[in-house]
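One chain, chain A, links the two complexes that follow: it is found with chain B in the first and with chain C in the second.
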Partner chain A sequence: MEKKVGVYICSGCGIGEALDIAQLAKVATSEQKVPVCKTHPFLCGEEGLGVIRNDMAQEGVNTLVVAACSRRAKTDAFSFDPTQICLERVNLREQVAWCQPAGADDTQMLAEDYLRMGIVKAKKMEPLVPFREEISKKILVVGGGVTGLTAAREAANAGYEVVLVEKEAQLGGYLAKLHKSYPRRAPYLELENTQIDSLIQDVEANSKIKIYKGATIQRTAGAPGLFDVTIQQNGSSETVRIGAIVEAAGFVPYDATKLKHLGYGECANVVTHVEIEQMAREGKIRRPSDGAAPKAVAFIQCAGSRDPQHLPYCSATCCMTSLKQAKYVRSADPEAKVYIFYKDMRTPGQYENFYKQVQQDEGVFLTKGEVVSVVEDGDKGIRIQVEKSLLGEKIEVKADLVVLATGMVPVAAIGEEIVVKLAEEEEGKKTEAEKEPPADRIIRSNILNLAYRQGPELPALKYGFPDSHYVCFPYESRRTGIYPAGAIRQPMDGALAMDDATGAALKAIQCVEMVSRGEAVHPRSGDLSYPELFLQRCTQCKRCTAECPFGMYDEDEKGTPKPNPTRCRRCGICMGSCPERIISFKDFSVDIVGSMVKAIEVPEEDEEKPRVVCFICENDAYPAVDLAGILRLQYSPFVRFVPLRCLGDVNIVWIADALSKGIDGVMLIGCKYGDDYQCHFMKGSELANYRMGKIQETLTRLALESDRIRVHQLSIDEYHEIPKLVNDFMAKIEEVGPNPYKGF
Partner chain B sequence: MADGTNKAAGNGAILVVGGGIAGITAALEAAEVGVNVILVERNPYLGGRVARTNLYFPKLCPPTCGLEINFKRIKNNPRIRVLTLAEVEAVNGQPGSYEVTIRQNPRYVNENCTACGACAEACSITVPNEFDLDMSQRKGAYLPFPMAYPAQYVLDPQILGTEDANRCLQACKYNAIDLGMQPKVFTEKVGAIIVATGWKPYDAKKLDKLGFGRLPNVITNVMMERLGSPSGPTQGKILRPSDQKPVESVIFAQCAGSRDENHLAYCSGVCCLASMKQATYVREQNPNARIQIFYIDVRAMGKFEDFYTKVQKDDKIQFVKGKVAKIEEDPSSRDPIVEVEDTLSGEKIRAQADLVVLATGMVPSTSGERLPMDVAYDEFGFIVSDGAQKGIYAAGCARRPVDVASSLQDATGAALKAIQCLRR
Partner chain C sequence: MTQPMRIEPDLDFVRDVIRSGGETVKKCFQCATCSVVCPISPGEEPFPRKEMIQAQWGLKDRLVRDPDIWLCHNCNDCSTYCPRGARPGDVLNALRQKSIEHYSVPGKLARMVSDRKYLPHLFGIPALFFLIVILFTNHFGDASIVSHGQEIKLEGLIRSWKMIPMLAVDVIFILTSLLVVGVFANGVLRFWKDMEALRPARVGLIQSAIDVAREIFTHKNFKECTTNQDRYLGHLGIFYGFVALFTVTTCIFFGIYFLNLVVHIPLTPWPWYNPVKILANLGAIALLGGCFLVIRNRLRGGEDTRTSYYDWFFLGLVTAVGLTGFLAEIVRGLGIAFLYYVLYFAHLVCVWALIAYLPYSKFAHLVYRTTALIHAKASGRDLKSTIPVRRLSEGGGGQVA
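Here is the complex of A and B:
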């Protein structure tokens, strides 16, 4: 495309008062030689926008540099089709006029540098060409329990073809083994039919759903829209083209044989929730030892849960389950007594109604307490010793039958933990800073068997749940197009599982729809760019393959990366990782950012005007800098912010570019990483930190101080810290002294 | 796109009532599938209750982080039409084909607004700031909070006809002040409706034995959240109301008016975790501060148990099983004194602290105010949405009291139900 650049400088909102606009315009015209440069006092208004539109229609301007407010503001006004028009927004308002003294030389120099950088980028950007391929919109649901059945039904009801794979011979999972369900609707008092049978019927009768029972997934290859899933059933295999996947493979009850201290296995009359439920289903709650009906049943809550020795987490459903099963016992025999020993009774929300009702039953005794021993006393029954209870410091209770309320273990947590070897091991010892960010934990649980270079299953997060760990984005799994739902991702009951399944089905549908439009999914929803690789210069170092948080790259036999664009979140972390700089997006590349850095004017050493480049991610850091401006917080004029999609985009060559130009320091500000990470691409900022650690050796070789580079984690609400962060770093730079390479 | 009068959304669309985090999510998830959405919000900003929240449990991360990404998604999506200061007046029709009457109240500021702030600077009168639960003041022309979206100022109708209104008009260089703006009433055709009207805090004044409203240093959990917030009345410093001194000791009274036949019979599910979270705010600011949490049951469900385990490790945070029955005050220090029955020992204990936080529950917005549409409510005012409904789907706290992540699971599912309704 023949590019014609138009620069539009707005002088509204205080910009005109802070800067010499005419002088600024000269940077565009005389220095950067752009053919069209106009200024306007109110660029986002109808008249101002009219100037731009007119130039586009009459003058053939197709590349716009809008030097005005932040790219986060007035997005409606400055909105153009990225497949036709290249747009770069230069922030002269929040990041210049509002945070710097009006009329000062340094303020002017800051604005001029930003305009240079914006023009350089705009010149190098290209219009986007969406990645389009013939894709499938079929949804695969793995698991035929309540979650999988619901996901299948809901996706089919929205008009999509579904393939449902269940490893057992029949559908229904654990819900089908229940006698009744505890109440799931107002007034939350009566036990209900699980209705799993009608759900199964709905699914079996739905012509859009193809069901494979007694089947497993042998292999999942490909990418969203383009998955090739091999289903194995009765010794034969079939490969199906799939668009997106809902992983609803469920849970297994915690292995009660590990609970000897609570009598399981030692006493015949100690059973689990699952076992008493089975008895209720058969209509006979009986002691295993002698088949007699129990007169006193004791429930021990949190059996192996909330316990660092077993399952540290709470399984959320066991309190309600015990209350339900208490009702089974009491309705079967109004003379029978029930004891429930708990740490906390967890019946949140409207479930409280049900708890109250059971509490009012005179035959049910509930107490907080620690169960310290469970011992069979011949045929006299079982003696349970409880301490710190509401009924006394130490009490002993006799029961005929003891039920252990055991927790739920996701099937994703069961299997051999494997180490996926990624990049080549480097020779020599590593310092703390050089240690790789921890690799994903992959457990060979044989659910999806992904043919992905980064491992055969979704990364197992806390306790093996392949969950999202984001509060705001509960379905964001680490593999695009694959959405865990139900008890595999969080302990939950049937009612919540049905809700969860519906949400996951939506995400799967949304994914195939977005992929069909060439769009990225969350968080860069709608992004039409995608990474392109100049493979001739690839040295097979495998950094991109290793560092992509989403497993976007597979590899061929030689180790050359094979990108799968529909798996990509367009974060650019691979771009930052590549030492040969072969990865780029049409609107964002190593060359673009490197050129922006090199466009910064660096004053001579004797002018005593240091220069610092600060790379900031668009997600938390850029808004925080904007907010500092909105609040008119003032800080050093010597920093030039360069926005990135993620701090993980930082390519080491940019540091070299900056330092060799005489720039005195480089700061990186990105989202928090670690256990409670906020980084929207999981490990981008962590990788940036790790890469900066590796750069220490280079700096020493160049006789430059390591203090010139600093990496900072920031939350979006820490905008008050921006001036301190910037000013502290400038103070350090002053202390360290000017870059000796200035003026070379 | 915000307030777009030129947007394509309309016919065959989904209406989302309520622009809190659940409404925003339902709207985005549907729009990204490819469906047109109209998002109607009564306040002049999106974000509802979470915009006023300092940090989320368990990660102690700020809500504005997720809101920023969502606002960006909204800005980039031509299928979403956001209407703020708007309410649904009437709904006619049936599933698949509704006609909705929407009333949009005047902002007195039009699309020209650049959020430069000149109008606010020109104003002289201040009024109580409802965003800070009246714990601070704001100008008559204001931006609800620094990251507000739409990024557009609002004029409080109270200043119309005053000198301040004129000052705003004079100060604005972009012709954005429109003192004569009128409410607009118009109809839209939609195929399905998602109700995400959220919650309001239980009125703690009804808890007459607990002293709220009489004793200055007895506050609610939502007030505590504002105090801890960097955009709040004290820039995030937790200072007690009577004398603005940093707190050295805090008591959290769980289930204040919840699980109680006389007030809210149900459990709001999040207050245990919220109090633990707020305890960490205090401890972070003051390593010497002592916290006591009086509870009935600690409801840290599922993986939230980790957060409870983490908080328990702090030896200056003490958990005591017992319900706070009464709160009085030491008249000289104005320290609240609580009376608790320690359920484990059976003894009545009295405890004194600088500040008491009542962990009050969530009441659905619909409990006082029925919606002009055909939905069923349970005895507490939550909208019944258990799969049998067609056409109108509730999501988030309008449906049952839940934490944010669960609310968003809900909202995502509701988006699918609404889409199915469009496609029937």
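Here is the complex of A and C:
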């Protein structure tokens, strides 16, 4: 397609006051030879936009460079069909006019560099062609407990076909094993029926839901919209085409046989929550040793929970469950005593009302304390010793029956931990400074059996939960199109599980709809670009297949990557990893960014105007820089920000490009990584850090100081640190001195 | 390794406490705000937090012997600040009742005093008894009597001893008082022994007693209370009212029976300008004024405290004593004979009840609290919070300074 570039410079919002617009326009026209260049004092208004639209209609302009405010502002005003028009936004406002002194030479040079970079990029961009294939909008729900049933029902009621796979012979999961549920609605005082039966009925009666009971998933191949799921049932297999998956396989109670120190297995009359619930369901709570009704029941909370030797986390529901079961005992026998020994009583939100009510029962004795010994007595009674109790001293209590409140373990955490092979390392010894590329933790839990190069299940995060870690995006696992919900992703009770299921079902629907349009689902929602590989030059180094945080690439036997575009989140980390630079997007490539860097004008050494390139990711770093501008925080004019989708996009060749051009330093600012990561693409900034660690050796060989490269983690709320970060780095560059390759 | 304390909660005791005005005891979740806020709780093992959990757990044996429940002066700062509405002030009040039932024998009588269905019995039986005595000893039909070798004409006179001779009254009351002293002796000795087992007295008893007396006479602990200044004034009035009236009664007793042997002391009533009479009237005014304040306080009560039948019994009885006495005096002065004798009769029954039920009603605090305070001083358990607390009234939002 014949590209005709139009540059539109807005002089509103203080841009006109800070810069010599006419001079700036000359960069576009005289220097870059752009055919159309116009300025307007209010470009985002109807008149300003009219100028652009007119040029598009009359002059055939099809590539726009809008030099105005940040790309994050006025997105609906500057909105054009990316399959027809290429658009590049140059930030002259937040990143120039607002953070630099008006009218200064350095401010002008900064604006001119940005315009150059924008024009160079616009010239190289191509209109997008969405990835279109025949996709399925069918939703697979794995697990037929309360979460799975609710997700299936909600998706079916929204009009989607659902396939529900449950490994047991009957539906209902753990909720079906309860006698009663603790209260789930105001005033939160009475026990209620679980109502799981009506939920099962609803699902079984729904014609849009196909149910497989006593079935497991043998294999899941493909990608969102194009999953081929093989379901195994009664010895035979069936493969179904699926659009998105809700993983609601639930939990199992923590193995009480590990709790010998609390008497399980050692004393006849020590049982778990699940066991006493079963007794209640059958109508009689009895001591296992002699079948007598207990006159004193002791509940030990946090049995194997909040304990580094067992489950380090809290399972959220055990306190309420014990209170409920205390009520079972007390209503069966008003003279029976119930003891509850807890580390804390956790009854969040409105559940506090239920706690207060059970507290009022004169026969329930609550105390905080540490249970230090559980010993069987002569008559099979249990003597419990509790230290640090509220009664001020070590106490001993005799109970007829002891109930251990054990925690929830997600089924995703149960299985053999496997190591997925990473990229082949280069020959030669590894130096101490070199780090390992970050790897995911995969547990073969036999839930989905993904035919993915990066492992057969969702990566396990903290404590083995396949969670997303984002508070705002709770269902986003590390595999696109697969959404964990319910107790498998976080310990929760039936009430929360139903909400969770609904959310995950909605996500699954969103996924199939967007994929059918060729759009990325999250976080670059609506992005029509996707990576394209020039495979002729691929050397099968397997960096892209290993480093993609979402397992987008499968491999053939030789190791050649096979992309699955619907799995892709368009982050560009693969682009950064490829040493041969064969991966690119139509609107974003190694060449594009490299050309942007090379477009920067680098003054001679004697002018004493250093130049620093700073790569910033669009998720936390770019908004932080914008916010610094909005707050009019001022900083060094010598930094050129280059926006990327993710810091993981940084290809080492750009560092070489920058340094050989005479640029004095390169800084990378991205989201935080680690245990409490903020990186929106999971591992991007960590990979950037890892890659920069690898080039220390190269730098030394080139007699360049390693201080010239710096990687920094930042979160969006640390915008006030931008001036300090920038100025500190500039101070270091001053100290280190100008790039010796300047002017070559 | 310390031996653990074996615990067996007494479910009946928990129910008992709940029935006796401590119905909010189970709401406590042991945040310890009450102990921090209490102006007179010591810094070590403060109250009332531990009493709350012990009451929840039905640890009867511990609680009835606990001297701390008596160190509490029921100012209710704790109840005001309690975030859960557990009203520790009221719970401790209920616990004191249980303690009284334990130490004052027979406990059955104490339980009757706190149970409103026995009200007719507790007053009816003594009233009947007095009526019988009056029936046999009254001088209503007589024209004159001989007293101290003198003949006194009865026509037109309104005199208590026309209805019932002073000797009869005095004998009945002295016998009753001796019984009461006996019950208290038993209770105090057992209480002291139990307190010694917890924390032995090391400092001199006499000095401790003097210190406590000083505190009581100045009402020092009442002044510590911040949410309720009326309590100080109310109790002060009642206390000094009683002191005055007791002094007066003693003076009259000694005057009429002993001093009279030396110099002629006329029979009561004495003229209004008599210093003893003046003291008596001042005492009555103080007593009634105090009762009024206390009643008003309790009626205003609010969320933080509830007044039970047990509380009203004692307060009602004291007020009745004051009112019947004072009104009788006024009515006699006005010459309304019939009303006078009715009021005097009521006064007699009330005063007798006050004394007879002293060890079993809330009035027992007179002896038990004093004992506990003396022991506390003697065992070094100082009644002073070691953590300074800035209170709501000082604009600190109740935070620890």
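Some notes on this structure:
As a convention for this text, the second predicted complex is superposed on the first by the 733 of 744 C-alpha atoms of A that agree within 3 Å, B and C clash if a C-alpha of one lies under 4 Å from a C-alpha of the other, contacts with A are read in each partner's own complex, and residues count from 1 in each chain.
The definition used in the following text is that a residue touches a chain if its C-beta (ideal position, glycine included) is under 8 Å from a C-beta of that chain, and two chains touch if they have at least 3 such contacts.
Keep in mind it's a predicted model, so treat the numbers as computed, not measured.
In the three-chain model built by superposing on chain A, chain B clashes with chain C. Once the two complexes are overlaid on the shared chain, A:Asn619 sits against chain B while remaining clear of chain C. In the superposed pair of complexes, A:Lys398 makes contact with chain C only, with no contact to chain B.
Contact comparison for chain A: of chain B and chain C, B touches the greater number of residues.
Using the contact criterion defined above for the overlaid structures, shared-chain residue A:Pro723 touches neither chain B nor chain C, since it reaches no partner. Once the two complexes are overlaid on the shared chain, A:Glu335 sits against chain C while remaining clear of chain B.
By the touch criterion defined above, A:Phe365 lies against chain C but remains apart from chain B after alignment on the C-alpha atoms of chain A.
In the superposed model, A:Leu390 lies in contact with both chain B and chain C. Of the two partner chains, neither chain B nor chain C is touched by A:Gly16.
Applying the stated contact rule after C-alpha superposition, one finds that A:Ala73 touches chain B and leaves chain C untouched. Taking chain A as the common frame, chain B overlaps chain C at a single listed stretch, which among 1-9, 325-333, 361-369 or 397-405 is 325-333.
Shared contact residues of chain A with chain B and chain C: 345, 356, 368, 390. Listed in rising order, the residues of chain B touching chain A in the complex are 1-2, 4, 21, 25, 28-29, 32-34, 54, 56, 58-70, 72-73, 75-77, 112, 114-116, 146-147, 151, 173-175, 230-231, 235, 259, 265-269, 297-306, 309, 321, 343-344, 378-380, 382, 384, 386-387, 400-402, 404-406, 408-413, 415-417, 419-420, 423. Contact residues of chain A toward chain C in the complex are 335, 337, 345, 356, 359-363, 365-368, 385-386, 390-398. For chain A in complex with chain B, the residues that touch the partner chain are 12-14, 41-42, 44-45, 69, 72-76, 154, 157-159, 184-187, 306, 312-316, 344-353, 356, 368, 388-390, 462-463, 465, 467, 469-475, 490-492, 496, 498-507, 509-510, 513-514, 517, 521-523, 525-526, 619-620, 623, 627, 630-631, 671-672, 676, 678, 680, 715-720. Those residues of chain C lying in contact with chain A across their complex are 2-9, 11, 14-15, 18, 26-27, 29-30, 45, 50, 53-54, 56-59.
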